[in-house]
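Report on one structure; see the data block that follows.
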């Protein structure tokens, strides 16, 4: 019997109200356009270095991993990437800005892929979209223009499972591609981010194009609140960062979502009963139960070894019936172990 | 066939009954102090077994030789004890080479583990329960195997206990006693024999 | 507006410990209904006794330990409800009370309370009751015998031989397998209704409170022994599996989340071994029922099984993505939790 | 509360009589072993000393049994546990581990260990006898509850001993806390006086 098979969890996606409309702008937060140059390049004449230059000038940052796009392009042309993978996975609930682009801005996305493909001389390109059983009613096209859409099914987290050898792939987020398209066709600098604004406090949940550097509080009030939020999150619902002061946190190029929930997690005073669900779901085949026990007994050394390989997907905390804060602590220990490993 | 089954039943009785039921397995307040790894515990168990079996062999020989002697009855306990001591001294160099310093087993730990009441008890019981020399030795072997198994279980238990939030008055020895108590209750119920006292 | 800091994930399942335990309690209710149907109101009263004793003693122990009792924690209630179901309906109340107190005060709380106990509390309490009062615990009233609420010294209760007793005596039970399926046989008051038990198992499996495969492995292990060494011809194996508290224990006590291994392979091994031991010592042991003791013995090996599971998983993990792991650590040290270097 | 973890004594002491006998034997062995260890002094190696001390204790037990101080029936009832009371590591460690101390202090230590052990054993065996047989020192006692026959089993002895040890520890800690508080208060008063 395999103990480390890929497991993960099936999550309710909650993407529906966001995906039924396209990307919109908030009236109270108008988009200010800015341009880095007057002369527009001819998309057909681009080569790799010119494209990198444009990406650099337009200050585009890839939202899927927070890396500057020109660096990724440079690396791909240096390594001779075999294929372009357009990241429109959106495997976390609520977050759907990439998917929304793939569904509603498919012409621009297609042109953007063509531009990158021609400029870098890469043969193949594929768009990856995640879907699972809970949102069957979302219609995902089998092709975007000429490019194949690869549907990734199964459980959360999907990203790990589909990316086996990253070194020969050029993975670009869908939002970054749109920004690149705008930069190439209109010399526009990235001044916005595509953000999913959702949660049960939001009056109009949708994917918005939001100017960079506005605060989370501005975004929330502009999109309308129906209840005072108890928890605000920037980023994904599974891996995002909890916001303590919404007036000081600003929208960044890599911000994927702003979520506001009315419900507060109470400490129910439960202790671990060893149900083993965290072990059942861990995609890395770890035993969060074991690590938790070790950590509580202050055996950090052994815990470090037992936690190696944690990627902080949050699945264990999600399923835990005792509502323990597992993933955070385990990731901390695992990161600690990695640092220790590098030093020796 | 009958002899064979007698041998096996002696072995089984030795393994199960005399050890965990009587919790012969823990002979000091802290089994953990002898060895802190499973491999070390296993090795110590094997050493104990070797000493016990060898001592039983000596004891059987002594009994065969002197059973008719006048002073045998009062002196037999001391004689059996000498058997244990002699076999321990004989086997000691071997053990010292086998695990000296490794697995966290100290010289004193070796002494306490391989030469103790448990081994002496095995010899005494196999002498008391079986008149046939072969059966007595097989019984001692069974006892030693059971002892090793029990030591492993208790090591596992104490490790598991050390990872859980035991209330402070119970931490350490008391909770281990309760653990052993419930374990011996379970094995007693499983086997369900009348206890020899 | 300043909010409390939260660490990810920001969504959680609705299920809590209370849901898990609540599911178990819900699935125990039909068993009480059947017991009441067969033996009258005394069955319910016994259950109530167990429940109250468990709650009170658990709360008292928690308070003595200096913690605040958690009212959402139903685990003591589960223990208190399971124990009376394992006993005959004619049992004295004092035995139930002593067994429950033993379960909570000895087997659960000294180890640290909820989630820390090594032995299943209900099994420990039952084991204690069996060892102390084997005659009372193994004397079963005949079904549909209406037992008075308060037992007087001269109350005569029609007793009958349970299938497990018949098997222990070397014969076949004089009930048909259909009787056993319907629960129309003498026995512990909650454990005879095989059909109801199977329905409860289905419910709990669907709610993912128990692993159905563990129960199946248990039954497979037991069946293997029963078929290989039948005590009495033909249908004996079937009777073995359907008699006594075997199935009940396989559902409610084997799957106790606290005291069972966490990974699937150790879990299956644990279940199968418990099955083998419980049938084997029905043959060899003194008591007609040994599943309780087999379970307790196997409970003590759970930590070893868990360590073994971790070791296997770790090896597989390293094989799967060898590049990510750091080479500085020897493989062997992963297992020994009590390493001196700590 | 030293020497609580003595499995043989726990198993054997199911009634008060047996408990008393076991503790008497153990105490005698500990004293004999102690004097023997003192006598041997530094002349022999550690291992040999342990062996010789145990052997001496076994001989002592044999002598006591032969001398007929205790009733034959009781001794036979205890069976193999009688010599085991002499040859176990706890008694040996009580006897041997006080080599460094001066003689009188060491003797006092050994005596206190013996008294503590005897008390614990007697308490344990009284409770077990009362619960299992409803008797104390073989005399029946009126006791309304049901007899718990399991109390005579070794497992119950261990569990009871575990609770004893926990209780003893709690008492000890409470005592310590009171001592500390008293000392602190005394110090504070001293300081205040000094200031005044």
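Chains: A, B, C and D, in written order; residue numbering restarts at 1 for each.
Operating definition for what follows: a residue touches a chain if its C-beta (ideal position, glycine included) is under 8 Å from a C-beta of that chain, and two chains touch if they have at least 3 such contacts.
The structure presented is a predicted model; accordingly, all values stated were derived computationally and were not measured.
Asks: Could you name all chains that are in contact with chain B and with chain D at the same time?
Replies: Both-contact set = C.
Asks: So which one's got more C-beta contacts, A-B or B-C?
Replies: Between the two chain pairs, B-C has more contacting C-beta pairs.
Asks: If every chain is reduced to the average of its C-alpha atoms, which one ends up farthest from chain D?
Replies: In terms of C-alpha centroids, the chain at the greatest distance from chain D is A.
Asks: With centres defined as the mean C-alpha position, give me the chain A-chain B separation in Å.
Replies: Roughly 61 Å, centre to centre.
Asks: List the centre-to-centre spacing of chain B and chain C in whole Å, with centres computed as mean CA coordinates.
Replies: 32
Asks: For chain A and chain D, let me know how many angstrom lie between their CA-based centres, rounded off.
Replies: The answer is 67 Å.
Asks: Take the average of all CA coordinates in chain C, do the same for chain D, and state the distance between these two points in whole angstrom.
Replies: 38
Asks: Where in chain A do residues touch at least two different other chains?
Replies: Counting only residues that touch two or more other chains, chain A contributes 294, 299.
Asks: At least two partner chains per residue is the criterion; list those residues in chain C.
Replies: 106, 110, 113, 116, 128, 131, 337, 339
Asks: For chain B, which residues are shared contacts with two or more other chains?
Replies: As it turns out, chain B has residues touching two or more other chains at 162-165, 167, 170, 174-175, 178, 181-183, 185, 188.
Asks: Which chains are in touch, pair by pair?
Replies: Per the contact definition above, the touching pairs are A-B, A-C, B-C, B-D, C-D.
Asks: How about chain A: which of its residues touch chain B in the complex?
Replies: Chain A reaches chain B through residues 293-294, 296-297, 299.
Asks: Using the touch definition from the top, list the residues of chain D that touch chain C in their complex.
Replies: Where chain D meets chain C, its residues are 145-146, 148-151, 153, 159, 162-163, 166.
Asks: If we count contacts the way the header does, which residues on chain C are in touch with chain D in the complex?
Replies: 92, 94-95, 98, 106, 110, 128, 131-133
Asks: Which stretch or stretches of chain B touch chain A in the complex?
Replies: Contacts found on chain B: 162-165.
Asks: Using the touch rule from the top, collect the residues of chain B that touch chain C in their complex.
Replies: For this pair, the touching residues of chain B are 32, 36-38, 104, 152-153, 156-157, 159-167, 170, 174-175, 178-179, 181-183, 185-193.
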